[in-house]
Structures are given as C-alpha cells and as structure tokens.
Amino acid sequence: MSAERERREILIAAIADLLDGISHVAVGASSPIPAAGAMLLRARNQRDGKPPVRISILGSQAHNFFTNGGIELFDCAAQGRVDAFFLGGGQIDSQGNINLVGTGDYPKTDVRWPGSFGSAYLYHLIPRVILFREEHTPRVLVPKVDFVSARAITPEVRRRGGPYALLTNMALFDFDRDAGGFALRSVHPPFTPADIRENTGFIYEEPAVVRQTPRPDPATLALLRGTILDELAETYPAFARAMKQAA
Amino acid sequence: MTEIVALEALAARVTSGQSLAIPVDGSGVAMAATAALLEAGIHDLKLICVPISGLQADLLIGAGAIAALETSAVSLGEAGAAPRFTAGVKSGAFALRDSTCPAIFAGLLAAQKGVPFMPIAGIIGSDLLEVRPDWQVIDSPVGEARKVVVVPAICPDVALFHAPEADRAGNVRIGRHRELANLAYAARRTLVTVERIVDRNLLETEDSAAGVLPSLYVEAIAVAARGAWPLALWDEYPADEAEIARYAAMARSEDGFRAYLSTFLSHRKQVA
Amino acid sequence: MTEIVALEALAARVTSGQSLAIPVDGSGVAMAATAALLEAGIHDLKLICVPISGLQADLLIGAGAIAALETSAVSLGEAGAAPRFTAGVKSGAFALRDSTCPAIFAGLLAAQKGVPFMPIAGIIGSDLLEVRPDWQVIDSPVGEARKVVVVPAICPDVALFHAPEADRAGNVRIGRHRELANLAYAARRTLVTVERIVDRNLLETEDSAAGVLPSLYVEAIAVAARGAWPLALWDEYPADEAEIARYAAMARSEDGFRAYLSTFLSHRKQVA
Amino acid sequence: MSAERERREILIAAIADLLDGISHVAVGASSPIPAAGAMLLRARNQRDGKPPVRISILGSQAHNFFTNGGIELFDCAAQGRVDAFFLGGGQIDSQGNINLVGTGDYPKTDVRWPGSFGSAYLYHLIPRVILFREEHTPRVLVPKVDFVSARAITPEVRRRGGPYALLTNMALFDFDRDAGGFALRSVHPPFTPADIRENTGFIYEEPAVVRQTPRPDPATLALLRGTILDELAETYPAFARAMKQAA
C-alpha cells in the first residue's frame, strides 16, 4: 500500500508541476488525482505568496463557482478563461489524438467506452490539456487511435488548445505541437526507459539521458498529506480515506 | 397553465416514438417518472441525453424502450461502464448518434432561439464529424475568416426532469442548474417531478426568482418523493452508491438486468 | 482575482478608444461610474447598448465621449426622446450602428461561445440589413432549408454595470437580471459598481448562488452608494423621474446640457 | 376629460377584443393602454370561466415571470410561446411596414426616433402583432415608410408573425396578410369614415358600410373602472390616477 501511496504522490506532484503558472484549472467529476494536483499547486502558491489558483471541480458543490448550468465550463473555455484541463482516453496515439468511443469499426465497436464527453471541443480551446491515463500499456498508447474523439493538431484552423503533456503510471511525456508528437520527459521510479519502450505502443522522442520523475520533497509531502487530503475528503472521501490508510 | 397531476398521469403524457430529453445524473433525473414510463410499457423513444446520462439511459435501453440515442456519453461514473448501453451498441439495438457535450447544448440553444442551426467552437478534426453527417464545417459568413462547425437544432418533443420543489402556479426551483431551463426552453413540452409543492410564490423575491424555471415552460408537474433515487438530487440527498453498484453488477447480464428492473419497479410502487 | 477599488480607480480602467458595453436603464446602470469616466475626460468610446440605453448614453454622447454607437434604441422612456442622441445623429457626431435588441444579444452570445457569428430569427426584410453590411442572410447550412440572418460576434473590451451587492471574493448578485451576466461573459473585462459589499459568500447556498455572477468574470468592483441614480435599481430604489425630466428639458440645447452635466458631476462628487 | 376617458376606454376595450383567444400577451414598458386591454381580457376570461391569460409587462417587477434576462422575451417569441404583442411606429405604411428610426435619408435623418428596438425580430415571430399608434395623421400613416424597421410581409421566408390590426385614436383596421394591406374595420365615435380618409396617408380597403367601434358595455366598464384600474396602478400609477380623476 505504501508503494501505491508513493505512486499517487508522484503523480499528484507531477500534476502540480505541470499546472505551474496557470490561474484557473477545471477538473472532471471522477478525477481525484488531478484534483489533488491542482489543490497542491494552489496550496503551494498560497504558501509562497504566488498568484491564487482557481479550481473548478465538475459535479462538486463546494468547488463549483459556475452559475449558468452545464454549458458554463464550455463557454468559459471558449472565452479563454480556463487555462488547464485533464483528458484521458481508451486509446491515445502518437499524434496526441484521443479515443473515448471504442475500438474496431464504428458504430458496432468491439469495445465500447462511454463516449467523447466534451473532449472534441475542449481539446481545441484549453491551452494546457494534460492527458492523464494511469494505465501505461501498448493497448492504450497506440500508433493510431481507432476513432478520433478529439484531434490534437488541426493546421486548418487556428486554435489555442491542445495537449501539453501525457502522464501515466510509468512516465511523463511532453507534447511538441510543432513536431506533432510526444517526447519522454521523465520516468517514474522504479521504472526504466526500457520499461517505457516496452509498454508504449507508439513512437516518441527519447532524450539521450532520461531523467527520473522527482519524488515530492518533504515540504510538498507535508502539504499533500495534510491540507490537501483534508480538502480532497470533501469531494473524494473514498480516495482521501485510502490515501490516509496507506500512511 | 401548468397542471399538477399524479405521477402515472405525468408519465402517460410521454408517447412511444417521441423524442425525450433528459439531464445528466445528479442534475435532477426523474427516476421515479422513468419507472412509471417503463411500467406503462413505453417504447421507441428517441432519447437525448443532455449532455450525457447514466443509470436512467441504461435502464431505458435495457428495458428495450429506446429506438434512438443521442448522447456525448453513457456511464455509471464511479460504478463503471453502463452495461446495457455497451451491449446495445454492440448489438445495434438502437440508432446511435454520438455527440460531444457542448454540441448537444448548442443544438438545444438553436431550438431555444428558433434558428435551424448553431455554430460551435472546436470539434474540427474529430471523427464525430464523420459519423454525424448532419453536422457541417462552414466558412464563417461574417466576421473573421474562420472555419466553424455548425450543428442542427435539437427540438425534443418532451423534456423530463426532477427538481426539489415547485409552487402551485407551476414555477419550478432549479437553483443554478440552468441546464434544466435549457431543456425546457428547447422542448415542445416539459414534464417535471418534484419532491414537494410549496405554498409560497417562488417568483416573489429577486433572490428566489433567480433560480426558477417559470411555469410558462412547464406543462405538468407530479410529486415524487425521493424521485431521483438512487441518483443524487443536488444537496437534497446524495446518490445511493451501493444501489448503483448493485445495478452495475446485476446489469452485466440480460437476466440480471431483468431481475434488477423488476425489483426497481416494485420498489417504486411501494414508495408511491 | 477580483480587486475591490475606489470608484475613480475603477473608472481609470476604462481607456479612451475602447468598446464599452452597458445595460438598459433599470437593469443596473453604473451612473456614478459614468460620472467618474466623464470627470476623467474619457473620449472616443465605442458604446454598445445592451440592447438599448437612455440617460447614460445620452450623457456620454452630449459630453463628446462617444466615437461610435451600436444600439437598438436610445430613449429616455416616459421622459421622451434622448436629446443629445437625436442631435448627434443629425450632426453625424458618431458612427452609428443601428441594431435590433435580439441581434445585440446574439452578437454577445457569439462572443460568449467563442464563435465568429450567431444566427438569429426574423429581421429579413428590414432595412437594418441595408445599413448593417456586417450582417448577412444565408441559407441554413444544416437542418431545414431556410434563409436566416447571421450577425458577427460582439466582443466588448469592457462591460460596466451597477448591482446591489458583491461579496469580498468578487461574486456579484445580479438576481434574474441575467443580461448582466451576458455582458460579462462576452466582454474581455468586466467592471462593476455596487451599493455595498457583503461579508457572506454569495455562492454559499443554491438559492443565493442562482442569482450570482461569479467573480471569475469580474475584474474589479467599486462601491458607489445609489450608484444608478437617477435611474432605478431593480426594487432597491425607483427612478428619480423628476431628475430625468429635468435632464430631458435641459438637454434640449447644448448649453442646457452643459449646465446639467456640470451639476450632475458636482452632485456625484458630493455623494462620494 | 370625460371625452378623453371615453377615448381611452374605447381603445382599451378594442384591444381586449383584438386579443380574444390568446393565452400569452407581452406588453412594452410604457404601454398603459395595451396593458389595460390585456388586463381587461384577463379579467373577462376569469369572470366568464374562459382559459387564463398570461400578461408579461416588460420592465415591471410584478408582471415579470421571466428569469433569464433581457433575451427571454425574444427567445420565448421564437419558441412560439408569445401569442400577441404591440408595436408602434413613427411611420406605418400601406403594406404594414413600420419605421421606428426616422424620416429622410439614413443615417442623418431629418427626424430621428429612438430606434428599431426588437421590432425587426418580433414582427416575424409573434402571430398577432397589434399596431397601436394613437396619432392618426397622414404623417404617421404614410404610403411608404422612409426606413423599414420591420417588414410586415416577406414571401421569401416562412414566418408565423406579422401585423394583425392597426388601432389608432380614430379607427381600427384589420390587416390582410394575403392582400398585404389594411381594411377599415370600424371608426371610433365621434369620427366618420370621411375623417379617416382625410387623415390616412395610405390606401386601404373600405367596406360599403363602415361600422362604429362599439363603446364598452356596462359590465365591461365596471371591470375597467374597478379591478383593472387597481391592477394598472401597480405598474402605471400616473395613468391609473389620470383615468380615476377623469371619472
């Protein structure tokens, strides 16, 4: 359980780092790790006297300051008032395209996932979309998705939004919008670059020397295991409980 | 003017073959009315999920009540995939119109404004454009030169949702859940179930009026205590996670779904 | 995050040459801030009346602060025609963009949704289409075959209005005056004057939250007691009809207007 | 003053008759006579057990059941939820077109009026638009308006809305959408068909025998001078006071 806690803490800290500099991040309904990352950034900025961070958690009463119904997040993104968001994907491909619909031939897909949600829209409009998918396997990270729920790069239209990074259980990739692909930034302990190569179904840039994703420093861990877990408990009680029990 | 009727009478106002718009889980889903619809043997509905659904859509699909489904997703959330949706997609049990959340809102907005279409940002490059021939990419006819997606108006025959309270005139308190108003503006007819009818006029003060869907849009209201169960209703009551998990497990098989449905319908009858 | 500043500091955030969106009389017009703008010598504003204006536009026009005006009407209501508007149209004192109320809302809605244009029902056959070359009639690209008017997005640099109260986080109570939210969604920056700042969190309950414009949209707030005077503010205070009639009479002549303006500005200073 | 009261009462009763059968009428902000007509219909329906009538008075707190801001009336009309509305006009022409902008060459018009308000839109969408203009002179009722704020008939587009009748201080005209013009229905006492011919700047159909606009019957007058004035006082205190003083 302690390894599981460490895995989560590394992901949460990595997310806080990825969000550095933003002022408004929106988080999907069932996303405790992204929410924790956003809360960690907020707490760190507050501690360090940096600009405040606004966090919208969809479906939460406490972290909801929208008052115009379900459309407001989408309008807000179109207005350029949302800096960062998280998307997942049943498949994610080398070009950053994501598939939330299913595998095989549409519509009678072999495997059917829930659907595209707001991805086709938000991917265009939110500057810093973090692809977050814990499972790091060749069946998730594929050369080419079977269905493009949302396309990462569309040279035919000007857009401010798109993928910024891909974070999995094993590694962190940057997305290069000019090159149109991923570059390995760091590998989470205890994995190696070879593990990543083996478990990634698509081609990506790999630097000569691959860094290890840093473990959170003690000050960060103190925040995370204190304030953040308390804040999280409000919206994700089961997750916060599991994190506490692992301590 | 809005009529206040019994739950069964409300359900009887939805006819097989109609298009039915429903809100997302937690926003005010009329589960009791859904039970009444299924009890009455509704079929061939064209379901429009605004913009996604969960248990309600999965129940209607499993019961064979759905001929067509427009949605941005169907999911039981924490409880996982929606099993009857997944099975129905594979077997081609209904015509499927995959969408993306803001496109469903945009279609409703077009209906609200009496225009045949609505432009929408983003989407370009998505395969949704391939599977939605009713959507188009056009050059903006005015303003900055830019490609933009347009989607046709969505005009549901009926909108159905659940809210905490209505007053005797038929004004419904929706708080900041304005997606419920979006449903009602767009739909030809709106049917609402509520936890309770209150005696005060909900439009009386500026504060209370702000969170109200006026009776003008509401054809009929029925009282259904805990009418969203097992789903959440805002801060009135939380979701019954155990019940939803039980559904998720049982509905994996056709037989299990039938057993769940039977219990669900008799539970609703006991409450009524 | 929203800053709470002095009225003059708020006014200083509006720069000459910017487009400024303002609401209709009675909906929450920032008259005290308008005085502060005039005091500061603002000029060359592109005024966008949402969707019409009265005293506020006429004062700005009379003071020579307006380079361009987009509106569906300027009128003092019961007090009659807006004299400086009428005179300014005749002398060509500003570029005039005549509109119709829902077209102004449609333009703002396009900005709210990040699309370059918005379709709108009606209008066809109106000479407004002749004098608004930026509007077009197109064949609907999807759905039913139909001609429809499209208007370009209206993206005001600044929205400015007055409301009864805001909380310390910058959430503003707008009640059911949702046109104020429409302004803020569309505008790049929103400045608000209020009667008072309250200590409670306006988003705290579902009922109070429903009538709130979230601080996310609000750049700065200033307190201005009776800040809409002589116009009405909802049910907070009625219009000062005598004062408006006095304006209507005096502003018939350029000299009369100057005299009124001078008194108006010194009155505001006494209040502050 | 009593003649003035009678004039107003005839107009109010004529409006109630024109509205017969509708279920939702919207009334502009400064329109006490149309509002009184709508209230009279509502009271009469209530008295006679007929379907209820909903009255929206723009700018009124008491008669406002909109909760979506200034756009809601317009959206509501587009949805087909408003049956009747009133429009005026600095000029009204033989084809039912109205001008709320000004006379002479646009934009530097000789006479400038406030502007088109919502007319260009609502004329298309509300089935029973009653043109209400008290002044009945050749300068108001013109052959052709100088500026078409809103056009009455547009064969190139399907529409449900348009002019239904024209009511002035002197007469009531029906509008024939197929013929595209006005037909005199009745003349208010004490005027004659010759007065109407003299004061109307456009061509209209005149029946062989022209009826007189009926004076309100005693039951209607009782309602009007009682309930209706009390209701009116809430929104139009000055108007209600004037009507009471004239009694």
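Observations
Order of writing sets the chain letters: A, B, C and D. Residues in each chain are counted from 1.
Everything that follows uses one rule, which is that contacts are C-beta pairs under 8 Å (C-beta built on N, C-alpha and C of every residue); 3 or more make two chains touch, one makes a residue touch a chain.
In UniProt terms the chains read A, B, C, D = CoA synthetase.
Please read these numbers as outputs of a predicted model, since none were measured by experiment.
Shared contact partners of subunit B (CoA synthetase) and subunit C (CoA synthetase), listed by label: A, D. Counted by C-beta pairs in contact, the busier of A-C and A-B is A-B. Chain centres here are Cα means. That of subunit B (CoA synthetase) falls 40 Å from that of subunit D (CoA synthetase). Between subunit A (CoA synthetase) and subunit B (CoA synthetase), the centres computed from C-alpha atoms are 29 Å apart. For this pair, subunit A (CoA synthetase) with subunit D (CoA synthetase), the centres built from the Cα atoms lie 59 Å apart.
The residues of subunit C (CoA synthetase) that reach two or more other chains are 113-115, 120-121, 146, 176, 181, 209-211, 234-235, listed in rising order. Looking at subunit D (CoA synthetase), one finds that residues 66-68, 78, 125 touch two or more other chains.
Annotation, chain-chain contacts: A-B, A-C, B-C, B-D, C-D (touch as defined at the top). Put simply, subunit B (CoA synthetase) touches subunit C (CoA synthetase) in their complex at residues 106, 110, 113-121, 134-136, 138, 140-144, 146, 148, 150-153, 173-176, 206-211, 234-235.
The touching residues of subunit C (CoA synthetase), when paired with subunit A (CoA synthetase) in their complex, are 1, 111-115, 171, 181, 185, 203, 209-217. For subunit C (CoA synthetase) in complex with subunit D (CoA synthetase), the residues that touch the partner chain are 23-24, 26-27, 50-52, 71-75, 77-78, 81-82, 85-86, 89-92, 96, 98-103, 105, 120-128, 131, 146-147, 176-182, 234-235.
Subunit A (CoA synthetase) meets subunit B (CoA synthetase) in the complex at residues 29-30, 59, 61, 66-71, 74, 78, 100-102, 106-110, 112-125, 147-151, 153-154, 156-159, 161. Those residues of subunit A (CoA synthetase) that touch subunit C (CoA synthetase) in the complex are listed here as 24, 52, 54, 64-68, 75-81, 125.
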